Amino acid sequence: MVHKQQAGEVVAQARVRAGLTWAQIAERLGKPEVWTTAALLGQHPMSPSDAAAAAELLDLGADVVEALQRQPYRGSGEAVVADPTIYRFHEALQVYGPALKELIHEKFGDGIMSAINFRMQVERVPDPEGDRVVVTWDGKFLDYRW
Amino acid sequence: MVHKQQAGEVVAQARVRAGLTWAQIAERLGKPEVWTTAALLGQHPMSPSDAAAAAELLDLGADVVEALQRQPYRGSGEAVVADPTIYRFHEALQVYGPALKELIHEKFGDGIMSAINFRMQVERVPDPEGDRVVVTWDGKFLDYRW
Amino acid sequence: MVHKQQAGEVVAQARVRAGLTWAQIAERLGKPEVWTTAALLGQHPMSPSDAAAAAELLDLGADVVEALQRQPYRGSGEAVVADPTIYRFHEALQVYGPALKELIHEKFGDGIMSAINFRMQVERVPDPEGDRVVVTWDGKFLDYRW
Amino acid sequence: MVHKQQAGEVVAQARVRAGLTWAQIAERLGKPEVWTTAALLGQHPMSPSDAAAAAELLDLGADVVEALQRQPYRGSGEAVVADPTIYRFHEALQVYGPALKELIHEKFGDGIMSAINFRMQVERVPDPEGDRVVVTWDGKFLDYRW
Amino acid sequence: MVHKQQAGEVVAQARVRAGLTWAQIAERLGKPEVWTTAALLGQHPMSPSDAAAAAELLDLGADVVEALQRQPYRGSGEAVVADPTIYRFHEALQVYGPALKELIHEKFGDGIMSAINFRMQVERVPDPEGDRVVVTWDGKFLDYRW
Amino acid sequence: MVHKQQAGEVVAQARVRAGLTWAQIAERLGKPEVWTTAALLGQHPMSPSDAAAAAELLDLGADVVEALQRQPYRGSGEAVVADPTIYRFHEALQVYGPALKELIHEKFGDGIMSAINFRMQVERVPDPEGDRVVVTWDGKFLDYRW
Amino acid sequence: MVHKQQAGEVVAQARVRAGLTWAQIAERLGKPEVWTTAALLGQHPMSPSDAAAAAELLDLGADVVEALQRQPYRGSGEAVVADPTIYRFHEALQVYGPALKELIHEKFGDGIMSAINFRMQVERVPDPEGDRVVVTWDGKFLDYRW
Amino acid sequence: MVHKQQAGEVVAQARVRAGLTWAQIAERLGKPEVWTTAALLGQHPMSPSDAAAAAELLDLGADVVEALQRQPYRGSGEAVVADPTIYRFHEALQVYGPALKELIHEKFGDGIMSAINFRMQVERVPDPEGDRVVVTWDGKFLDYRW
Amino acid sequence: MVHKQQAGEVVAQARVRAGLTWAQIAERLGKPEVWTTAALLGQHPMSPSDAAAAAELLDLGADVVEALQRQPYRGSGEAVVADPTIYRFHEALQVYGPALKELIHEKFGDGIMSAINFRMQVERVPDPEGDRVVVTWDGKFLDYRW
Amino acid sequence: MVHKQQAGEVVAQARVRAGLTWAQIAERLGKPEVWTTAALLGQHPMSPSDAAAAAELLDLGADVVEALQRQPYRGSGEAVVADPTIYRFHEALQVYGPALKELIHEKFGDGIMSAINFRMQVERVPDPEGDRVVVTWDGKFLDYRW
């Protein structure tokens, strides 16, 4: 039995060997890039057909295909926070979290941005002073409703 | 002597009494909304003229104006994470953090999105199935360079 | 300036002095019991009219009334977990959390019970072997939807 | 020797392969759904006959059957809290825990809801605005008694 | 308003000034020693008559008397664990906890010793090799019962 | 090489297979029940003859016998605290720890109950309202002595 | 009411103003240096006569004298560990702790060095390559004895 | 490849089988007892000749000999603190740490006891009231010097 | 009585009001910049003459002057780590710490860089691609020596 | 599949067997010492040619070569902090971190030293009173820029 997390490591390795980008895999599955990458790293259950398509592209075994379809325990653990590429997002939340909260309440009232009815996008935006990483977080507003 | 954090609480209170939105304050200062809100909550030092303009709008005392100009120790502490409006951003990082990392490396190479040369925007995007909170994180790419 | 948490302590004290139950206060406000208790303890912003009604019932000062209307940072901190009456709920989540997850996925698919579009009720159910505490958690299902 | 936790993973896997729902297994064992799911995931010791019945339904080996009957160390660990489906219950406790405590004391006096003499139920309640997850926590009241 | 914890410190101080032992106070209230000491330190709500009796013995103010009757948030915090007199009990639990669990299951079946329907006693037992601290923990057995 | 902890798991398993209670094993070794159970779970070094007697009763291999005689690193870790049967003892310490400390100082002066020169006993005491778990903690008083 | 810890800070300050060393105070009280310093910092209860003698030497108020006689909650908290002068002792325990354990068991059998029946001494030992801090920890051996 | 820690466990086991005390091993290597024990448990790199001598005494394999010579990551982890024999040293630091700091500053000025230019000794000192564990910590004083 | 930490906040404030840089203060005291800044923030005891000189420059009260001369408990706490300007140093240690260790052992043998016999310097080094922060850490090598 | 961390351990071992210093390896790769050591310990991805060159020098297998080229999760974990050689750097940050922050803001304005556009060097500087470890941290200044 292969755990979701192990399956994710196998996929990450297989992708390098297959010489494919995450963007190419997403395009062949007809799914968004962030969703596809997250799902293949074990954060979403995949449909049988998506898992099969990934398996063909990346030459994955049956146990990995089965693992990709399983319902995950989501979350990536504390150790991952220390990685500088990921830490910068946590730092921005430390600095701008309360401002985000104030502005969400000001524009929408009492409630939250859903992280379930949610999509995310990463873009490279050219800039003469250095290209920019632009990440869009897009979630449905949910108001506190009794 | 007023601490930055206390100054932030005084400002938040004064804003309600003055009947102003953060957006209106930002507009009068001619500064972006997220920056203005974060600065007034104590996460950025403000220039003397910005602090004075805010003081006039919100009827703040001299010690608060002084505190707003001071260099902060940035960060908002662990307790703030539990608030549901802020927690959803942490949750999305738990679920999508490794995917963000993979895609940043794929699109840019080895490096990070800067949280210093950085801007952020919160928008309300109308949607027939429920309006959406769209937050844009926009930071300069910095490559690991020895 | 009175903090939400301090306001909650003042309310709790005032309620005892006024000789009123939470149920009676909830009934006079025409709001559910759990919502009313949580709001008066500082976990929800109250409308001006609800805050005024509570103030009259409990003889609260203007600063407490103002605090009750403020948008809260929600959450009750780690120390509260140790209280035995609250701990039993955490213990039940430790024991039955994964089973809850399995059954929610089985009955609804991939998603969560909303804690925002949510209501809760506490009842005393008579039982010859000892009356029972019955707590109903009732939240809208939200499916993972990109 | 198979640990309870490993046995739980084997069972979860076997259930998918057998094409059975937790509800169907519970029905065949004649036991409540939450209890059955929790027990098969390793949170309760099972009687020899229940374990044998489960083994037949799910085609489990003798060592798994033995593990299912063993007395567990209960609890599911910190990592599980981060999963969004489980986290929402923790969040509701953060927000409503003190209100629960107040209302239990008001309706019953000084004491707790037992998590030992306890049962729990998950239901899907249809609702035109979106079906609802309704979870009932039902425990005997125990008063502080010297 | 006096917090339960502050009230406990006032009581502890007043007891020394009054030249009374906890045992004497317990005797005059007609309550067990451990219960009385814990209640006066803020871990139990006291009845109006018990609080009044304590107030007379120890010359306590009205706000302390009110605090003693209030429902507590129970628990004494992490810092207290480091005190050597208290730590030895934690150490014994570290060493003998699993053995206690095995023997409770062996003698009673699956369940727990209640910490609610519970009493405790501290005695000094003379011994030629050095007197002994004998603490009796006595709680009703509660079996896991659905 | 078998670790003490692994040896403890092997012993626990073997005991069930041998159809023996901890009490029976303790009786055959001529040792107290709590001591015997703790030692066989790896919290005390056993003498060669005790280890050999246990090995014969439980049909243990030579490496387990060797492990049972080894000097342990005592303590059972944080995870164990969450188990409800063990947690109740921690909860009672949270609630009654400071009262225990006060009464030990009152009856003995400044010092501690030894957890080294120490014995413990678990009894089932019949009670018409439900049998009781009575645990006696009995340690030599040690006074702070320079 | 003055807390033990505050009393310790007052004493530390008063000692500097009085121009006395800890060694001189210890000598006048006729007590060992480490004991005297620890007691005046709030880690031991002092006898009325010792407290009075210290009060005279250091010109302390009645509330401080009372605090010095009170039974302490011992321990100095986590923050203190970071101080380099104190940290080196923790570091030596990290490096040599298991060796200490092995040698204590080898020389004495199964048991511990008492930290209650215990004395400690700090000396400055001249050395041509740099004087040495020599700290002697001297505690009664206590064997595990049931 | 054998890790230092594993090598330490192999050595500890081999020592028992060889029927040698740590003191005897130290004597044959011509090294102090605490140093020898710590080094063989993996806290110091050993010279090739010392490692070879230990290998001959204890019949160790080549990979263990290699591991003993490797530069360690020093420290023994949090779990070890709970062992009562080791914990007493931590407790004494909790109680006497600030007094140690005061006396070191008084006798030497601003600085620390080195834990690098450092030696330690464990002795059994006979005493009619019970033999004593006497541990000498002896480190060069280092003054804060810019 | 003013604590060292409070004194540091007063100094930081007074410096801004006096319109002096840390470099100017350091120059007038004839001390290195990092040392002077750290000492005035409460991490070193200052000599009476240095404290007096600082008091004159910054118009400090007698209690602050006294606080500056007191022996500190060094360390700046966990909260400070989150500040981005300070965090980058922690991050570099996370990434390069083991490499530093390897190279120190390679160039010097088994031992450490002293943080006591230590000096540090911050420089601004012009660079056409952006000026650089260059921090030099310079400590005496101390070899492990028994 | 070999993890980066395991690859680092294999490299560290192979280097000793090959009788090469990190400095020699760095020289043959034509890369700085700290970078080379960090990269070979798994903190940087290596180019195929650098990995191949290292493989030839150190006689590494193909899976290790592949691991060295993989993008790492950077960071070295909490356990590493306890090692004395690494801890001294953390201690210096505890003592001098706020001073560093003040001086960076004074010399550059509001911003940080980059840990990405960053280089580090370790030197042995001869000194008659004992050679010195001099570590240079050199990062581009990044100003907070919206």
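The letters A, B, C, D, E, F, G, H, I and J name the chains in turn, as written, and every chain counts its residues from 1.
One rule holds in what follows: contacts are C-beta pairs under 8 Å (C-beta built on N, C-alpha and C of every residue); 3 or more make two chains touch, one makes a residue touch a chain.
On a predicted model such as this, the values are computed, not experimentally measured, just so you know.
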Set of chains adjacent to chain H and to chain I: G, J
Other chains in touch with both chain C and chain E: D, F
Label of the chain whose CA centroid is most distant from the centroid of chain C: H
Remotest chain, chain B as reference, centres from CA atoms: F
E-F, A-C or C-E - pair sharing over half of the H-I contact pairs: A-C
Chain D and chain E, separation of their C-alpha mean positions in angstrom: 33
Where chain D and chain G are represented by their mean Cα positions, the distance between them in whole Å: 51
Computed distance of Cα centres, chain I from chain C, in Å: 48
Computed distance of Cα centres, chain H from chain E, in Å: 41
Residues of chain I whose C-beta touches two or more other chains: 74-75, 80, 82-84, 91, 94-95, 105, 111-112, 114-118, 142
Touch-based graph of the chains, sorted into line, ring, star, complete or other: other
Pairs of chains found to touch, sorted by chain label: A-B, A-C, A-D, A-I, A-J, B-C, B-D, B-I, B-J, C-D, C-E, C-F, D-E, D-F, E-F, E-G, E-H, F-G, F-H, G-H, G-I, G-J, H-I, H-J, I-J
Residues on chain F engaged by chain G in the complex (per definition of touch): 32, 35, 44-45, 71, 101, 105, 110-112, 114, 116-119, 142-146
Parts of chain J lying in touch with chain H, wherever the complex brings them together: 9-10, 13, 16, 79-80, 82-84
Residues on chain A engaged by chain D in the complex (per definition of touch): 1, 70, 72-75, 77, 115-116
Chain B-touching residues of chain A, taken from the complex the two chains share: 12, 21-23, 33-34, 37-38, 41, 43, 74-76, 80, 83-86, 88-108, 111-115, 117-118, 120, 122-125, 127, 129-142
In the complex with chain D, residue positions of chain B that touch it: 82, 84, 87, 91, 94-95
